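Next up: some structures, all given as structure tokens.
Next come two complexes, and both contain chain A; in the first it sits with chain B, in the second with chain C.
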Partner chain A sequence: MTAAGRAARALGVSAAVLALLGPLLLPGEYPATLGISIATFAVLATGLNLVYGYTGLLSFAQVAFFGIGAYTSALLVVQRGWSLWVAFVAGGIVAALLGLVVAHASLRLSRHAFSIVSLSLALLCLIVARDWVSLTRGPMGLPGLPAPRLLVPGLGAVAVDRPGVFYGVVLAFAVVALAATHRLVHSRVGRALVAIKLNEALAQSHGVDPLRYRLLAIGVSALLTGMAGGLFVFHLTIVDPSIFDFYYTETMLIMVITGGPGSFWGVVGAAVVISALPDLLRFSTDLRMVLYGIVLIAAVLAFPGGVGGWIARRRLLRWRRALS
Partner chain B sequence: MTEPRPTILDLREVTAGYGDEPVVVGFSHRVPAAAITTLVGPNGAGKSTLLRAIYGLVVQVGGRIVFEDEELGDLPPAARLRRGIGFVPQGRCNFPLMTVCENLQLGTYTLARAEATRAVERVLALFPVLRARWRVLAGNLSGGEQQLLEMAMVLETAPRLLLLDEPSLGLSPANLDQVFDTIADIRRRGVTVVMVEQNVEAALAISDTAVVMDLGRKVLEGPAHAVMEDPRVRAVYLGGTAAGESR
Partner chain C sequence: MTADPLLAVRGLTKTYYGLTAVDDLTFAVAAGTIVGLIGPNGSGKSTTIDCISGFQRPDVGRWFLRGTELTGRPAHAHARAGVARTFQTVRAYETLTLLDNLRLAVQEHDGVTWWQSLARSVSWRDAEAEATARAHELLGVVGLTNYAGAPAEILSYGQRKLLTIAASMMARPALVVLDEPVAGVNPTMIRRVEEVIRRVNAEGVTLLIVEHNVDFIMRLCGHVIVLDAGKKLAEGEPAEVRGDPRVLAAYLGRGRASREAARRD
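Take a look at the complex of A and B:
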């Protein structure tokens, strides 16, 4: 695993560096817009990887955390006049609290109960956003979200209104979020999470409390996902019920499964490639989504355990050949 | 061996099982400290169930389990671990997809961080073979090494009572000696061992006390060597010639 981890890391790091530098080197607004999308999805996919890949809990609620972070942060800025830099953190905290309440209630039953409840939560959020018109303005959403202002020493307040500048902000957030998650999964806590996933009863008999560690994973994942949502809508400049769309759930799952659940850099690499893929296939407008589907089917056929799993298997095979 | 030792674990009329029907019925026994007590008996005698009841893994419907003069009541397994009872279940019970290092670290979750490092060092001194296999996945160790790893994981918390459920299960003869030698060594360090074993001859050779169980009850107890010589025991477990006389 450690050797495979190193190879997956090399792949993930190069993909991440490419995504990092691309928008800065290429001219125009389009690369920066794509970069914002890539950085956001890297955080979303890593959040799901923490809950599903490391902890073994299939969560459909990630999109709910994303959307709740988005709405909370947008409402606080528009209605209460908060600074986005405080509001998006508040969005993450609200998402994390909701995640903890729902997870605490459902995990007392079973991990399957958690999956079902997380799916219900996502659907419920969509309905609430659409029907609680007095708060969310329903399907009209909250348009015209103002560009945040950033205090830069020496320059004063700079409006983050160009995609290039916004990309820098999202990238900085993504780097911090990924670094925090990386540290978490490679710590004592991360080891306990994997142990619980592999053999809950055995982990418990060594004094590991599964509920506590699972709640921690869900809390951190919801926090980062909510914060990502809170930032992302200020790039879109509008938040409406489509922020809870199943498209986000589906994309996150594709990224984690093709990247290899439980492989940190495998999933980051997959997030970078898959967020860019629909745009790379733009040369053929009509067949774009068909090609996207073909690439996904090919990826699943070629890497049933995800890219991370594929690298682990190749290492093992090479090792066996060396022994025989 | 006849010199009386203090009692570390006192089982009083313990009745335990899974469903409506108890598997262990009215079992009373005093386990002497710093000794090896081996439970023997035919399949279904309730030996494993008794061991699991001591660790709080099965429903105990009657009787009392008193460890170091304190009744355990309905404490969960993790709390019993903190009180000083370690349990190594039957069959493979490590994390095969994790390295030896990671497995040993997983045994230290009830300890403070600084103590955890010392605990790993302490068991490595006891099991030097594990240090040599530090970065190997536990699933790639031999059966004997895996059994040693599993005992090491439990010994990290420095239990004063170690419960072993069939430590020799599925081991080759060479591995078997290694495991029994280690158990004898653990006892020499002052840890009380209660084990269930089907490999009666090898187990009783290192045991101080033996308890024979059948149909959930205690049928015989005594010093290990005496129990081994008992014609009824020889007939049932060792295929001795006394089969005709015992029935």
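Take a look at the complex of A and C:
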């Protein structure tokens, strides 16, 4: 790994560690709530990074996977009495299956077709959640989702009803999800994903089957995103059609673009900073969102290729100097 | 030509909106040879190799590698069956290192599964080590050893051509199809490309080369196929093909060809 790569990793790791420890060290419920949001967005942004940053497919369907995971897990718990620990995995699996079907159909045409279909899927999910009243209760949503119970050796069943405890659960999931994605993108499978993004025809001429790899990336991304949704709504204690809000899509995109598509730690770092940013700017209630916008514009001006792109650029310049 | 050639192409035809690019083309490439495919612009050379490497679907025609039919199979299946190719427009994985560029060219050929590579199994480790050794060896052959860890975008045009040629040899394919390997390349680099081709051919790799540089083709190839307007115009040893009046006519135009022929006599 290069010095700049190590610097990016150090930056990402320290931001992550700060975010991990903050809610545990600070008193009150607010830091834990913010921590849950940060951990969830770290998974969501990494999921989009896997599909867009590494594989080169612009997906607007991430919010659909998130919401489908959320609704599936909420319905299984409320109507079928499943344990959340099984239901949120089922939510991820349902999201992954839907993602694979939609991707398989649209990728036969082109990656642009995939983007359009993914956008349609997100909009369709919103409509279904709002109008299929007999299943989803429409705009009223499913309120009062029960706190899950966790079997702790020595303590018996503990209700995960406080944000501090719930944060611990979400954090554990996020660490596992990020570790799995990290292993994937840094394997030769990840190398093939990048190859497909950089030059599809060349990859084919090397024996890489683009469809198979793209489906893998979308499946894994939808699985993790769906699972994140399944957990997240049990923190909110309600799931309603706003889970499909464009806000989530927009936030994930901002995180991936400012972090640098295809940069693992860059995107994780951006997810942490951008999740926390609106809250850090709370000192000025009126100008909060204006300042948020200014910070984003500044970030894009300073790092046109995201933090990861800036690092790659420096690496190239160093090679040029070394070889000239 | 032997009874069972490495590559056999039969009746290949491809039309674009009524324009016939390749017209009932039949040819064969014998194992261990270097075959040149030449012809004026628009004679159907690129369409031919795009078809037999799976990048375009012809209207009619069948092709076989070592007797196995590849007709209609996708591009990646052609690569796995043993047909490697380069592109006329130089293609490289720009932001990846040269080593990764080369390792990518072989990773679908060594039989290591996704699970094995994710679990970092012994077979994965052995395969990566072997690919890395082969990559270093080929970088040495094309003279790019110093750049092994650099991203491909740092290379010049000629160096990129060498990289793509090296990549096409990574998986020890049965047949390598080179699309204009020396177009726009300076004379020093051309000699280096020539050396590389001779060297891999000596290792037993068969090559089919599309090129406009006729001298280059005549020096390297034991067998030359000339296309004109999608049809095979002539075929044979470089010397016979060179003197063929039909070939001269296709390249130079009829009037100049007859003057050339008169001058030779």
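In this section, the second predicted complex is superposed on the first by the 309 of 324 C-alpha atoms of A that agree within 3 Å, B and C clash if a C-alpha of one lies under 4 Å from a C-alpha of the other, contacts with A are read in each partner's own complex, and residues count from 1 in each chain.
Basically, a residue touches a chain if its C-beta (ideal position, glycine included) is under 8 Å from a C-beta of that chain, and two chains touch if they have at least 3 such contacts.
No experiment lies behind these values; they were computed from the predicted model shown.
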Fit or clash between chain C and chain B when superposed on chain A: clash
Chain B versus chain C as contact partner of A:147, first or second or both or neither: neither
First, second, both or neither for A:165, with chain B first and chain C second: neither
Chain B versus chain C as contact partner of A:206, first or second or both or neither: both
Which partner, chain B or chain C, touches more chain A residues: C
Contacts of A:116 with chain B and chain C, given as first, second, both or neither: neither
Touching partner for A:312 - first (chain B), second (chain C), both, neither: second
Touched partner set for A:215, first chain B, second chain C, both or neither: neither
Touched partner set for A:188, first chain B, second chain C, both or neither: both
First, second, both or neither for A:97, with chain B first and chain C second: neither
Residues on chain A lying within both footprints (that of chain B and that of chain C): 188, 191-192, 194-195, 198-199, 202-209
Residue ranges of chain A touching chain B (in the complex, touch as defined): 1-2, 188, 191-192, 194-195, 198-199, 202-209
Chain A contact footprint on chain C (complex, rising order): 53-55, 74-76, 79-80, 84-87, 91-96, 100, 103-109, 112, 114, 117-118, 120, 124, 128, 146-147, 150-151, 153-154, 167-168, 171
Footprint of chain C on chain A - complex, ascending: 183-184, 187-189, 191-192, 194-195, 198-199, 201-210, 216, 312, 315-316, 319-320, 323
Chain A-facing residues of chain B, complex: 55, 77-78, 81-82, 87, 89, 93-95, 97-99, 102, 105-107, 109-110, 113, 135, 137, 153-154, 157
